[in-house]
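Shared chain: chain A. Partners: chain B in the first complex, chain C in the second.
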Partner chain A sequence: MAEAAESPGDRGRASPRPLMRDLKAVGKKFMHVLYPRKSNTLLRDWDLWGPLILCVTLALMLQRGSADSEKDGGPQFAEVFVIVWFGAVTITLNSKLLGGNISFFQSLCVLGYCILPLTVAMLVCRLVLLAEPGPVNFMVRLFVVIVMFAWSIAASTAFLADSQPPNRKALAVYPVFLFYFVISWMILTFTPQ
Partner chain B sequence: MATADELTFHEFEEATNLLVETPDAVTTSRSDQLTPQGHLAVAVGSGSSYGADDEVEEESDKTALLQEKKQQPEFWTFGYYQSFFDVDTSQVLDRIRGSLLPRPGHNFVRHHLRNRPDLYGPFWICATLAFILAVTGNLTLLLAQRRDPSIHYSPQFHKVTVAVITIYCYAWLVPLALWGFLRWRKGVRERMGPYTLLETVCVYGYSLFVFIPTVVLWLIPVPWLQWLFGALALALSAAGLVFTLWPVVREDTRLAAAVLLSVVVLLHALLAMGCKLYFFQLLPPGHLAPLPQATSLSPSMLPPPTLTRSMATF
Partner chain C sequence: MATTAAPAGGSRNGAGPEWGGFEENIQGGGSAVIDMENMDDTSGSSFEDMGELHQRLREEEVDADAAAAEEEDGEFLGMKGFKGQLSRQVADQMWQAGKRQASRAFSLYANIDILRPYFDVEPAQVRSRLLESMIPIKMVNFPQKIAGELYGPLMLVFTLVAILLHGMKTSDTIIREGTLMGTAIGTCFGYWLGVSSFIYFLAYLCNAQITMLQMLALLGYGLFGHCIVLFITYNIHLHALFYLFWLLVGGLSTLRMVAVLVSRTVGPTQRLLLCGTLAALHMLFLLYLHFAYHKVVEGILDTLEGPNVPPMQRVPRDIPAMLPAARLPTTVLNTTAKAVAVALQSH
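What follows is the complex of A and B.
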């Protein structure tokens, strides 16, 4: 994260400002993900706060209750965390090994921020699950998850595809597809206790 | 052939010196060269366990392009690992096609890999297969619950872990064992050396591709159709492996060749059947009604989830 250089005299006054500025930067990137355009903001000023917030939110919402049997339920908090971060690192390594010219943290930043639509889908699914269960309930959730999945892929491809040589774009994009597919699956199969 | 032998031997000497000298020509070939540069990068860079003399026997028909050398990166640099991912989309698709349609004369390593194995295919095919197994196994449970509401549906996330570990261990440890065995037996063979470790891993990785559509087709809840698809996939996959290994083992004794090939096919069959039974087997609905512990549907009988919540999930 880019921090403001503080002179010793400003110590008391300067501390709230970087926090607001960072929050604004995170919010701005959220907007860029929700309305993906060909812009370099996500790549230029990368940060990992947004992905961390999103990952924690998603993991908290996906976490199953402790009353369920350990082996048969949905993912635990740590499992979601591992899948998101390990998956993002693997995709980034894959992209770099194929010869992409994106930096490691830029790629993590993009992949993390593009989980935002799926986090929104998770919120919507949790709300929908408060209604009565049934096939309509499931269809609504399926539709929402599919739309958000497509949105995530479109957003991340818009940022990542240009960094690959043209004859390897599909090789670099496919793991992204698999990554968001697994997260979508976890969201869709979430059953409340 | 004298020229070819000279070039081969010349290259053998060069290979061991490539780490310390800087060659003059640096090229990276893409799709239309038979050069074994990637092959060399593997053999020389790792240093310890590859005998360069194996490479001499294998390169006997690749001599025309041995003029070009590129600098072999050290194994601790990023460039070394990049050489394993030096493939294009069209090449990966061509290799996948080659694994789907094995033909008796066509050796996968020679015709499709052309001695430039990659790690992209094996790694992502294994990842896809593992996740597809877990997802479709769970989908099967979901569809069964729709037909029979007494079945308890749960996301069964632990199966993802099991799938990932199983597939990756199979696709990486079995080739390692096979490679080790072939190298141990190489004293018996005169003509053809064994494949490198990377090529063996590649063959196994691509041969697993045919299981991906098979697993998706296993969603159809007709048992005999499932076994038919499974048998078909196993036949294609094992045929690919056998046709690739045959040129290497046929010079060995009959017994060793037969044992090796049947062990390879047997392990493959065990993998297919194990996946089918673990991820897709549902207890028949008649067993579920009276017993609370029968609501858990994976074959390893888990501690029973509470029965009352099972009806309200979907």
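What follows is the complex of A and C.
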């Protein structure tokens, strides 16, 4: 079975990796997500730094401002975190149960990295929300979110589709669609106080 | 077995590769029943493989470190070093025993291969089962077949969650996504698992021939009708339309489930009890999702926002069914489109 035997775990044995090397690896994977081609980079050298950074950024941006009471800020961060990671775990389990030959962490890595377009959408929405509210505002945000949603799905399908048996690709892609739909919904319905 | 064991044992030293192979087969467990768990070693959860690999590497590291530390102590510290060695060895042994037990328990419970047969479906099969879930079959004289799979039902439950969330989408209302998300997931999964278990319990009382897996699959596919109705009526908010769809689509999927259960139950009282309960719960759930769920949501919004809500921000979603025809285009759509329509009209 074609599962990556190497893991980031062995790297700790030699001298500690320079930070720049890790950051470059993360940046390279970001580029692969933004310009999805059929390549193995995300799968071969998986790491969870990128998904963590993206998830934390998204959760921070989805928080209300401090105009609300403090207790609303905490649970929201945790909710986004939990939704992203448990959603990714569920999709991974589903694709493994369908007979995919991708490993658990590889799948988590791909799904996490493919949140990048939606994080960009969140940034754009936040900027657009600084302008006056209204239907045009909503239309712009809707358009941006839809485009980035399609981009996320295309990126994750490019990486994940090869790991599934050829006749079951649709079965594995559908929950990915739902997952990114829920995240897009959270981004679209966000309104700062 | 004794006769086959003797030559295998005798040829352990001798050897041909063919006897060696035979020996391996015996050692592997002489039962004819193929154990699903052990069948596919290479494609088993690679999470475990990775876990084992890491564990072995770390154990080797720990051993190497422990050996190095022992050597140092032995050389430099004399008696004190010896005591340190002993306590360290004891600690190491306890640690390794604990680690071994934990990994054994983990590989036992985290083995997802138990669920693998229930996800063995093709897209064409899922599609045909979705369509069949809306078609009640009249033949109730012998038990109808229920596909025992979990992929379709699970995806339908997640789709229902997504549709519920989509129904809450407005551009003006301040939404606490986290609370809504938890409520949506809790409602849908609670219904699927809870009602399945309840009906399975009733089926057990009524001597119906249905297993828990089949009940889960049946109810899961019955949610397809709910998904369709809610998807349409969350976008076109007309009460009359909702009632029509509730009766038609909801009724069809309920009839299908009822027909399957009737075909598997004997006795009129039992059939009535079982099917009546299922039909009532299924139809009422759809009603609940359309009407009361909004109230639950608005209740949550009320408790969270309190008196700070400006009056323009939340628009009630229930629209009276009696509408003058002229105002129909602007009032049938949901709040978002309403905002757009109002803005466009004012230009």
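Everything that follows uses one rule, which is that the second predicted complex is superposed on the first by the 165 of 193 C-alpha atoms of A that agree within 3 Å, B and C clash if a C-alpha of one lies under 4 Å from a C-alpha of the other, contacts with A are read in each partner's own complex, and residues count from 1 in each chain.
Methods note: a contact is a pair of C-beta atoms (placed from the backbone, for glycine too) under 8 Å apart; a residue touches a chain by one contact, two chains touch by 3 or more.
Just so you know, these numbers come straight off a predicted model, no measurement behind them.
**Q** Pick one for A:Phe105: touches chain B only (first), chain C only (second), both, or neither.
**A** Touch partner of A:Phe105: chain C, not chain B.
**Q** Can you tell me whether chain B or chain C touches more residues on chain A?
**A** In the superposed model, C touches more residues of chain A.
**Q** Touching A:Val56 in the superposition: chain B (first), chain C (second), both, neither?
**A** neither
**Q** Between chain B and chain C, whom does A:Ala170 touch in the aligned arrangement: first, second, both, or neither?
**A** Both: A:Ala170 reaches chain B and chain C.
**Q** Just chain B (first), just chain C (second), both, or neither: which does A:Phe138 touch?
**A** After superposition on chain A, A:Phe138 lies in contact with both partners, chain B and chain C.
**Q** May I ask you to decide whether A:Val120 touches chain B, chain C, both, or neither, giving the answer as first, second, both or neither?
**A** neither
**Q** Determine where on chain A the residues touched by chain B overlap those touched by chain C, and list them.
**A** Shared contact residues on chain A: 72, 75-76, 79, 94, 96-99, 134-135, 138, 167-168, 170-171, 174-175, 178, 181-182, 185-186, 189-191, 193.
**Q** Sort out for me which residues of chain B touch chain A in the complex.
**A** 30, 78, 81-82, 84-85, 87-90, 92, 120, 123-124, 127-128, 131, 135, 138, 142, 153-158, 160-161, 296, 298, 302-306, 309, 312-314
**Q** Using the touch rule from the top, collect the residues of chain A that touch chain B in their complex.
**A** 67-69, 71-76, 79, 94, 96-99, 133-135, 137-138, 167-171, 174-175, 178, 181-182, 185-186, 189-191, 193
**Q** Under the touch definition given earlier, write down the residues of chain C that touch chain A in their complex.
**A** 42-43, 45-47, 49-50, 53-54, 57, 61, 112, 115-116, 118-123, 126, 151, 154-155, 158-159, 161-162, 165-166, 168-172, 174-178, 181-182, 304, 336, 339-340, 343-344
**Q** If we count contacts the way the header does, which residues on chain A are in touch with chain C in the complex?
**A** Listed in rising order, the residues of chain A that touch chain C are 1, 3, 5, 7, 9-10, 13, 62, 72, 75-76, 78-80, 83, 93-94, 96-99, 101, 103-105, 134-135, 138-139, 167-168, 170-171, 174-175, 178, 181-182, 185-186, 188-191, 193.
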